[in-house]
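Below are two complexes that have chain A in common, paired first with chain B and then with chain C.
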Partner chain A sequence: MTYKIIIIGAGVTGCSIAYNLAKKGMNDILVIDKSYLTAGATGRCGAGVRQQWATKANCIMAKHSIEFFEHAKETLDYKGDIEFKQEGYLILATTKEEDLQFAKNVALQNSLGIPTKKLTPEEALKIVPHLNPKSFISATYCQTDGHLNPFKMTDAYYQAAKKLGATFNFFEKVLDIKHDNDIYTVTTNKGIYQSEILIDAAGGYSREIGLMVGLDIPVYAEKHEILVTEPISKMQGPMVMSFTKNLYCQQVPHGSFLMGRTTPNQPKDHDISSSHEFLDEMAKTIDDILPKIGELRVIRQWAGSYNMSPDKQPIICESDELKNFYIAAGFSGHGFMFAPMTGILISEMILNLPLSLETVMLHINRFKHQTTHEVEKSVV
Partner chain B sequence: MSKKDIIICRCEDINLQELHDLMNQGFTSIEDLKRQLRVGMGPCQGATCLPIIQRELAIFLKKPIEEIPLPTVRPLTLGVPLKAIARGAKDDL
Partner chain C sequence: MRIEKHPILTFEEKKILHFTFNHQSMTGFEGDTIQSALHANGIKKLSESIEHHRPRGFYCAIGNCASCDMTVNNQPNVRTCITMLEEGMVVLSQKGKGVL
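So, the complex of A and B:
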C-alpha cells in the first residue's frame, strides 16, 4: 500500500499531526501504532497543561497549545467531554535560589503574554488552604494553566483525523524502514507500506525509529511514575507543583488526585514497572506539603516513559540528512501539553506554509553545533 | 431488560449499553475500553467488571475468552491511605 505520508505513533503527537495535515487537505496518511490508541506516554501522563516555563521555546509552545485546548471540543467537533479545566498551576518556591529564578520566569512569561503572578505564602494559601505553610517560601500562579483528559483529547484528534480521511492501523509494529529513491518502505509485522514522507512521533521509541533509517536522534526513554487516589468531592483547584521538592499533584474533575515525582538515577530504558520506592517517597512528599491529601487512599500506581532530550525541550523539525523525514520527539515529559502546536508546526513544515512560530530553537541541529545548552529547569 | 439497566462497572457506574456503543465504534480491546470509560480504574481495580468485559468482547469478536488479554496488574491490591504509607516508610529507616 502506498500513502503520501506515514506517521509512526498514535499518541497525542501523532494524532495531532494527522489531524492538522488532513485539515489542510493532505489526508493521504497512514498512522501506524504498535499498540492501542494512547498506549504509550500519552495515556500514562499526569494530564496537566501549563505555560509556566523557564525557556522561551517552551513558554510559546505551551501558550499557543492552551489557546487551542480552550476551543478544542468545538474545533474538533468532539461528542465526548475532554474534561478541560483552567484552575491554574500553583508552583512553590522552597529555596532562595528558586525564589529568584521564579521572579525571572514570571518576567519572561509576562513578556510573552502569559498571565503568571508571583504570590506570597499568604496569597498562595488563599488559593490552596490545605498547603503546609512551612513547606514553601513563595509561589507563582497562572490561572489559565490546568488539566485535560489525555485519553479523550487524543480520541478527539483521532476521530477528527479519521473523519477527514486519515487511516489508522493499530496493533501493528514497525520492524524495518528502508529509504531508496526518495521513497520510504516501512515493513511491519502485518504488511509493507510506502510513502514519500515519514514522521517519527514514536514517543519513547523515537530513537529506535530514527536508528532504523540511520539517524541518531539524541533522545532516550526514562521511567516516571504516578499514582491516583480514590475520588472525593472537590477540594483543590490548581495543580500544586514543586521542582525542588519533586512533586506535582492535582485533583482532576472526576474527583481523584493524580500525583507524581521523579525517581532519581533511572536507567535509560523502556522499563515501566511499578516500584515501592516511588510509593514511599510520594507518600512522604505529600505528607510534607499537602498533609490533608495524605488521608486519601491510593488506588493504583503506574508508570510511563518520558522521552528525554539533552535540553529537556522538544525536537520538532525535518532532518537535514534525510529528505522528508520529520521528527517530533524529545518532549521530556511534556508532549501532551504541547501537542496542538506540534501538529500545527509539522503540518506547516510539510506543506511549505508560513510557520506559526520560529522553530530554529526546536531543530535537532542545536545539539550538533553546541556542547552546552539552555536546559529547561522547570521540570519534575 | 434494557442494556442501560445492566451495570457493568459499579465503581464508575458504567452500563452494558455504553460498553456496546464503544465496541461498535471499534474499541475492541480492554485497554481501549478502560481508557474511554474508566472501567477497571476504580477502587475495586476491575475485580467485577474485567471478567464481564472480557466475556462481552469474546462474544463480539467471536474469539475464545482466553484470547482477550487483560490489562496490566498494578499495585495496590487494596486502597491504603498515603499517610499510612508515609509512616511505614519512615519507620523503615
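So, the complex of A and C:
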C-alpha cells in the first residue's frame, strides 16, 4: 500500500499531526501503532497542561496549546467530554535559589502574555488550604493552566482525523524502514507500506525508529512513575507542583488524586514496571507537602516512558540528513501538553505553509552546534 | 438478627458498646465490626451509588467493594465491614465521595 505520509505512533502527538494534516487537505495518511490508541506515554501521563516554564520555547508552545485546549471540543466536534479543568498550577518554591529563579520565570512568562503571578505563602494557602505552610517559601500561580483527560483528548484527535480520511493501523509493529529514491518503505509485522514522507512520533521509541533509517536522534526513554488515589469530594483546584521537592499532585474531576515524582538515576531503557521505592518516596513527599492527601488510599500505580532530550525541550523539525523525514520527539515528559502545537507545526512544515511559531530552537541541529543552549529546569 | 442458639456453638456474653449511626443511639458487642453491629440493628442500606443514588447493601464484607463506606469519627470512606466497633463511635452514612 502507498500513502503520501506515514506517521509512526498513535499517541497524542501522532494523532494531532494526522488531524492537522488532514484538516489542511492532506488526508492520504497512514498512522501505524504497535499497540492501541494511547497505549504508550500518552495514556500513562499525568495530563497536566501548564505554561509556567523557564525557557521561551516551552512557554510559547504551551501557551498556544492551551489556547487550543480551551476550544478543543468544539474545534474537533467531539461528542464526548475532554474534561478540561482550568484551575491553574500552583508551583512551590522551597529554596532561596528557586524563589529567585521563579521571579525570573514569572517575568519571562508575563512578557509572553502568560498571566502567572508570584504568591506569598499566605496567598498560596488561600488557593490550596491543605498545603503544609512550612514546606515552601513562596509560589507561582497561573490560573489558565489546567488538566484534561489524555484518553479523551487523543480520541478526539483520532476521531476527527479519521473523519477527515486518515487511516489508522493498530497492533502493528514497525520492524524496518528503507529509504530509496525518495521513497520510504516501512515493513511491519503485518505488511509493507510506502510513502514519500515519514514522521517519527514514536514517543519512547523515537530513537529506535530514527536508527532504522540511520538517524541518530539524541533522545532516550526514561521510566517515570505515577499513582492514583481513591476519589474524594473536590478539595483541590490547581495542580500542586514542586521541582526541588520533586512532586506533582492533581485532583481530577472524578475526585481521584493523581501524583508523580521522578525517581533519580533511572536506567535509559524501556522499563515501565512499578516499584515500591516510588510508593515509599511518593508517600513521604505527599506527607510533607499535602499531609491531608496522605490519608487517602492508593488505588493503583503505574509507569510510562518519558522521551528525554538533552535540553529537556522537544525536537520538532525535518531532518537535515534525510529529506522528508520529520521528527516529533524528545518531549521530556511534556508531549501531551504541547501536542496541539506539535501537530500544527509539523503540518505547516510538511505543507510549506508559514509557520505559526519560530521553530529554530526546536530543530535537532541545536545539539550539533557548539553553541550553548538553554536547558529547561522546570521539570518533574 | 443475631444467632442466639446454636446446636454446637455457644456464645459467651460480651461487653456492650455504645455508638451512634446517623445521630441515632445504638449498641453492639465487643468483637463486632461496625457493619455487624449495624446489621444486628436492622440497618440494611449502607450507601448510595454515586451517579444515580441507588441503595447499596452489604456486599463483599472483606473491605474491597466500597459498598459499606461510611464516615466514622469524621474520617471519610471507612470500610465499616472490616473496622472494629469502638465505644462512642460516631458513624454517618455517606452521600457521594466523602469529604476529607
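The definition used in the following text is that the second predicted complex is superposed on the first by the 378 of 380 C-alpha atoms of A that agree within 3 Å, B and C clash if a C-alpha of one lies under 4 Å from a C-alpha of the other, contacts with A are read in each partner's own complex, and residues count from 1 in each chain.
Here is the rule we go by: contacts are C-beta pairs under 8 Å (C-beta built on N, C-alpha and C of every residue); 3 or more make two chains touch, one makes a residue touch a chain.
All of these numbers come straight from a predicted model, not from anything done at the bench.
On the shared subunit chain A, the superposed partners chain B and chain C are arranged side by side without overlap.
Of the two partner chains placed by superposition, A:Cys317 touches none, neither chain B nor chain C.
Of the two partner chains placed by the overlay, only chain B lies in contact with A:Thr229; chain C stays clear of it.
Of the two partner chains placed by the overlay, chain B and chain C both lie in contact with A:Glu295. Considering which of chain B and chain C touches more of chain A, the answer is B.
When both complexes are overlaid on chain A, the residue A:Met153 reaches neither chain B nor chain C.
Once chain A of one complex is fitted onto chain A of the other, the partner contacts of A:Ile60 are absent, as it touches neither chain B nor chain C. By the touch criterion defined above, A:Thr38 lies against chain B but remains apart from chain C after alignment on the C-alpha atoms of chain A. With both structures placed on the common chain, the touch criterion links A:Met337 to neither chain B nor chain C.
The gap separating chain B from chain C in the superposed three-chain model is 6 Å, by closest C-alpha atoms.
In the three-chain superposition model, chain A touches both chain B and chain C at residues 230, 293, 295-297.
Contact residues on chain A toward chain C in their complex (touch as defined above): 230-233, 235, 255, 292-293, 295-297. Within the complex formed with chain B, the chain A residues making contact are 35-39, 43, 151-152, 155, 171, 228-230, 254, 274, 276, 279-284, 286-287, 291, 293-302. Chain contact summary for the complex, chain B toward chain A: residues 29, 31-32, 35-36, 38, 41-43, 45, 72, 74-76, 79-83, 85-86, 88-90, 92. Interface residues of chain C, counted against chain A in their complex, comprise 66, 75-77, 96-100.
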